[in-house]
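What follows is a set of structures for review.
Below, chain A partners chain B and then partners chain C, in two separate complexes.
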Partner chain A sequence: MKPRSAKRQWFVLALGVAAVAFGLPRVLGPYDLHIVTLAFINAIMALSLNFTLGYVGQPNFGQAMLFGVGAYTSGLLSVRLGVPFAVSILSAGMMGLVFAAVFGPIVLRLRDAYFCMVTIALAQTFMLVANNLISFTGGPMGLPGIPFGSLFGRPLGPEGFFLVSLALLLLAMLVTYRLEKSVVGRAWIGMRDSETLARSVGVNTYLYAVIAYIVGGFFGGVAGGLTAHFTSVIDPKVFMFEISSMAVVGTVLGGSGTVWGPVVGALLVTLLPEYLRLAAMWRLPIFGLFLVIVVVLMPRGLVPTVVDLFARRADRTGPGRPTAARAPADTVVPAAADSASGVKGGR
Partner chain B sequence: MTAEAAFLKTEKLGVRFGGLEAVKNADIGLARGEILSIIGPNGAGKTTLINLLTGFLRPTTGRVFFRGEDITGKEPHQVARRGIVRSFQKNELFRRCTAEQNVLIGAHLRSGGQHGAARTLEALFTSRGTPRAAVEAAREALETVGLGPRAGWPAASLPHGDQRLLGIAVALAAGPELLLLDEPVGGMTAAEAERVMALMTKIRERGITIGLVEHNMNFVMSVSDRIVVLDHGEVIAQGKPAEIQANPRVIEAYLGKW
Partner chain C sequence: MQQLAQQLANGLVVGGIYSLAALGLTLIYGIMDIVNIAHGELFMLGALLTYYFTASFGIPFIAAVALSLVVVALLGMVIERTALRPIANSPMVVTTLATLGVSLIVQNVTLILSGGVPRFIPSPFPETPLTIGGVDLAPARVFAAVVAFTVILGVHFFLRKTKVGNAMRAAFQDKEASWLVGINVKTTYLLSYAFGAALAALGGALLGVVAYVDPLMGAKGLMKCFVVVTIGGMGSFVGAIFGGLFLGVAETLTAGYISSLWKDAIGFVLVILVLLFLPSGLFGRRARRA
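Entry: the complex of A and B
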């Protein structure tokens, strides 16, 4: 790593963030700003899933459970107790973390398809509870009247909410980046490629998987909390399978197990169907075709494929050393990968 | 007490899968600094024995002692923490990572990975990176097996022989006191096997004790201090290479009786 080029990368990144933060609210109309804010929240959600799905490589299809917990935490706190916005969002994250810490150690005793089924079942269970605990959650009628919130004594306008979402998205990316570069991220990536080998060199894979689930729980809760304030009304559908699967599609589409992949993927998954509305009834078929093409042609996701394309071009002058691009294009859908080894997982 | 004096010692170790006793009543000892080979016909229980020693399988009978401590029934990662690291017959690698990343993941325990929660908080709230010792141990492991020049190659794109070597490097990076190798030269050419022979001596010179399972008799006879022969899960002979070669029971197990 040359420090100068690293410094330049951070500078370019900061410039880009500043351009988005100050530029977009001026360029975009209210409707577009709304959609982009929603896309940022979905990106936080995708990043929250990325810890288990992307790094640990376990097919978590129930992230909506933590999203919903965050949404109801924010909703109930601000409607019933009038808690300020900042406290409400932080509580949503903390409740996501607490619920992940309670359920993670249980669901992660399982792996692969079994883990997948239990995560789905848990989210569905939470939806039933929210539906039937009418006195507490409002049941199927939902919980209306969640305020947009205010920060530093000033009410948040659409632009303020956009900035808050952007800031929290950057926080989620920073946490992903820092963990990826640490021994924690290496333990995750190791167990994704071969849990057996990871255990043999001393990785407590169960503990590290639970850590990934808990960190993801915090950001899942934050995404839920933001959604509650942004849409002003929530109902048990926040636990719906579509919420989980949307995060999965975004993460896998952009490139799971990377910092940028889930962000790019979630933005596409939110923005494309929205702007394909122009194509009226062809909207969903076009979107579906796009997904299939990306998954077939770029099984590792958009971001890693594009990055490697540039790396290979830069490498062309150098000696013929294989880059990551020439490694076998393993599919990143984790259920399909490396689950054949005999001794693994919890007993 | 000789039991405590031994580096690794098993007492009547056995495991039963339904009606099959894959390993039974195994009493095996390893002295610090030696190279011990475990040989035997296919299905004799050699890999099963390694699985029992490293916690990948739980024994149904008997005990395992490492440096006097009872480690029976410990999980693989707990066994690794105590200094026993193994390699795999079907070469396990972090296939999508580069050779360099492989050994760095292997250096998990030298990066303080025992304390997952502490490392998570450290990564989030401090600027402390990977300990220099871990990075150097990883680098050195790669160089020891001769893969230094291929550090940037994705593991999956390395030739077979190099993949086997990388498997050993990952185990070395973990900083073992006892290295258990499951068929280290399996599928290698004679020239490659010769390199691994030299590697065994190099590893031993660092004070690492080696236990290995191997079918290549040339290799076994030239590197081993001692040999244990398994047949149908039972230890049928132990001794120096020359003694084993002359042992009628061993010849019978391999060639049959006439």
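Entry: the complex of A and C
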């Protein structure tokens, strides 16, 4: 990529972010602002799943476990101890990270079928525990009265919460982007294409998979913490399979294993049913249908497919640069060579 | 002692039902290399259809069960043709996504059409318990156990003695080789998925005889199947049977001696123990580690 066009891209991106941050709260009514904030939180959740599902390529269908851990951390800390908002959100992320660091090394000894089943079962176990430990979690009745929170001594209004969510979403995207371009990201993509090959050239795939799970744990916890403050009440349903499924649908619809895919997918999944006035009960079956259609007809997801479409058109009109949303298999080798010879942060 | 025998008997009845449903999951996995996330919903459909056929259409119980098996098997064929065949030989993350999509569709459409109310299948069995060796068993439970174990035996002979069964076992062992010797792998896949779906549906219908039926029971059924195949070893026929019985007994013992609140947790505890100490399950046939 030419440095000049890269610089221009960053400039355009910054302009876009500024427009969203300062424009949207003024244009949108309170209801729309609420929905968009929710969409941002869902996008953080989708990005948190994207590390294992998209980059490592393992069917993680239990991300609700880490989401729920974050939600209960924020809820309990702010209701029982009156901890400030910023500390509460950070703790939610850290607690997600700690739980991921404890369970990741166990579940990632497994692959494919077993990994899929155990991630689902773990989330269910957490739901059961939250249900049964009534004195600690409030049990099935839930944990009410979580404050909206305040930052820098001022209560967060809807607009403040919108900005905080946007900032954390940008952080999640930045971390995804940086990791994707690093040795870690190339190891992930290498093992997604062929774990055996990646291992045979010296990549410690177990370690990199655990890293993906832990980074995802942090952002899953953050998404859960934000949800707890945003909705003011949580119950054991934060561990529900539907929460994991929605993250999966958003990630895959937009394009898993990319920075923009999960964000676009989660925004679509949250905003479209709202503005198409779709009855709540029809949302899940229609998402299920989308999921099947995307998997069968457009396996890379919306964003990479559309980007390729435009790139191909650009190629036809002028001298273009080669585009490959998914790295070809041979990129495994440099990534592997780097880590094998101990070269750090190659780029 | 008396109480223990009673608990064991109840556990074996429920365990037989788990084995049956998990057998379907393990066959689909072994033959097609697919984790069927939709399995729980097919299980639920078996129970709910049996309810509708008996309570709403007045079809005799046995015929209603048979009819719901046929309907679910046909649905399984539709699922295989539309959602799974186009992505055959894809990585597992892709096929699980497809079965997840199918499960979302089936569960929520059923929920919309029938509402979330728990229902009871009108039981054709007398209420007075049979006493066998000091253990009281409701006739409905005896029926469920007898059917479950008969069908498990039947599946065994079907896989060993029939042409279709042998084709399935061949595909189970080596896909390319079975294709080389002239087995139609596509048809075998279609039949395998339909067969697995029917086993799930039968498990659901039998559970519906001893417990209540509702559109959300599928998620729970899926978890039980997961636990069973993880304990027994995924893709193992014997593992599914013993895993199911083991889980059934462990659950009733937990409910009886610890607390019914933690009944559903014992399976997950077993899974973690098995994964830590017996990484390929009790009867696993292939390495499960990366």
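In the analysis below, the second predicted complex is superposed on the first by the 296 of 347 C-alpha atoms of A that agree within 3 Å, B and C clash if a C-alpha of one lies under 4 Å from a C-alpha of the other, contacts with A are read in each partner's own complex, and residues count from 1 in each chain.
One rule holds in what follows: a contact is a pair of C-beta atoms (placed from the backbone, for glycine too) under 8 Å apart; a residue touches a chain by one contact, two chains touch by 3 or more.
All values derive from a computational prediction rather than experimental measurement.
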- Item | First, second, both or neither for A:V184, with chain B first and chain C second | first
- Which of chain B and chain C A:D308 touches, first, second, both or neither: neither
- Message: Just checking: does A:G202 make contact with chain B only, chain C only, both, or neither of them? Give me first, second, both or neither.
- Response: first
- Query: Touch check for A:V215: first (chain B), second (chain C), both, or neither?
  - Reply: first
- Determine, under the contact definition given at the top, whether A:S194 touches first (chain B), second (chain C), both, or neither. first
- In the superposed arrangement, does A:W282 touch chain B (first), chain C (second), both or neither? second
- May I ask you to decide whether A:L53 touches chain B, chain C, both, or neither, giving the answer as first, second, both or neither? second
- Message: Per the contact definition in the header, classify A:D235: touching chain B only (first), chain C only (second), both, or neither.
- Response: neither
- Where chain B and chain C land on the same part of chain A: residues 205
- chain A partner contacts - residues on chain B that touch it in the complex: 51, 54, 56-58, 75-77, 80-81, 85-86, 88, 90, 92-98, 101, 104-106, 108-109, 111-114, 116-117, 119-120, 122-124, 129-130, 134, 152-154, 156-157, 170-171, 173-174
- Spell out the part of chain A that touches chain C in their complex, as residue ranges. 53, 57-59, 61, 106, 108-114, 116-118, 120-122, 124-125, 128-129, 132, 195, 205-206, 209, 241, 245, 248-249, 252, 281-282, 284-285, 287-292, 295-296, 299
- Query: Mind pulling up the chain C residues that touch chain A in the complex?
  - Reply: 29, 35, 37, 82-83, 86-87, 90-94, 96-98, 100-105, 107-109, 111-112, 219, 222-223, 226-227, 229-230, 234, 261-262, 264-265, 268, 271-272, 275-276, 279, 288-290
- Interface residues, chain A side, partner chain B - complex: 175, 178-179, 181-187, 189-190, 193-194, 196-205, 207-208, 211, 215, 321-322, 324, 326-328, 330, 338, 341, 343, 347
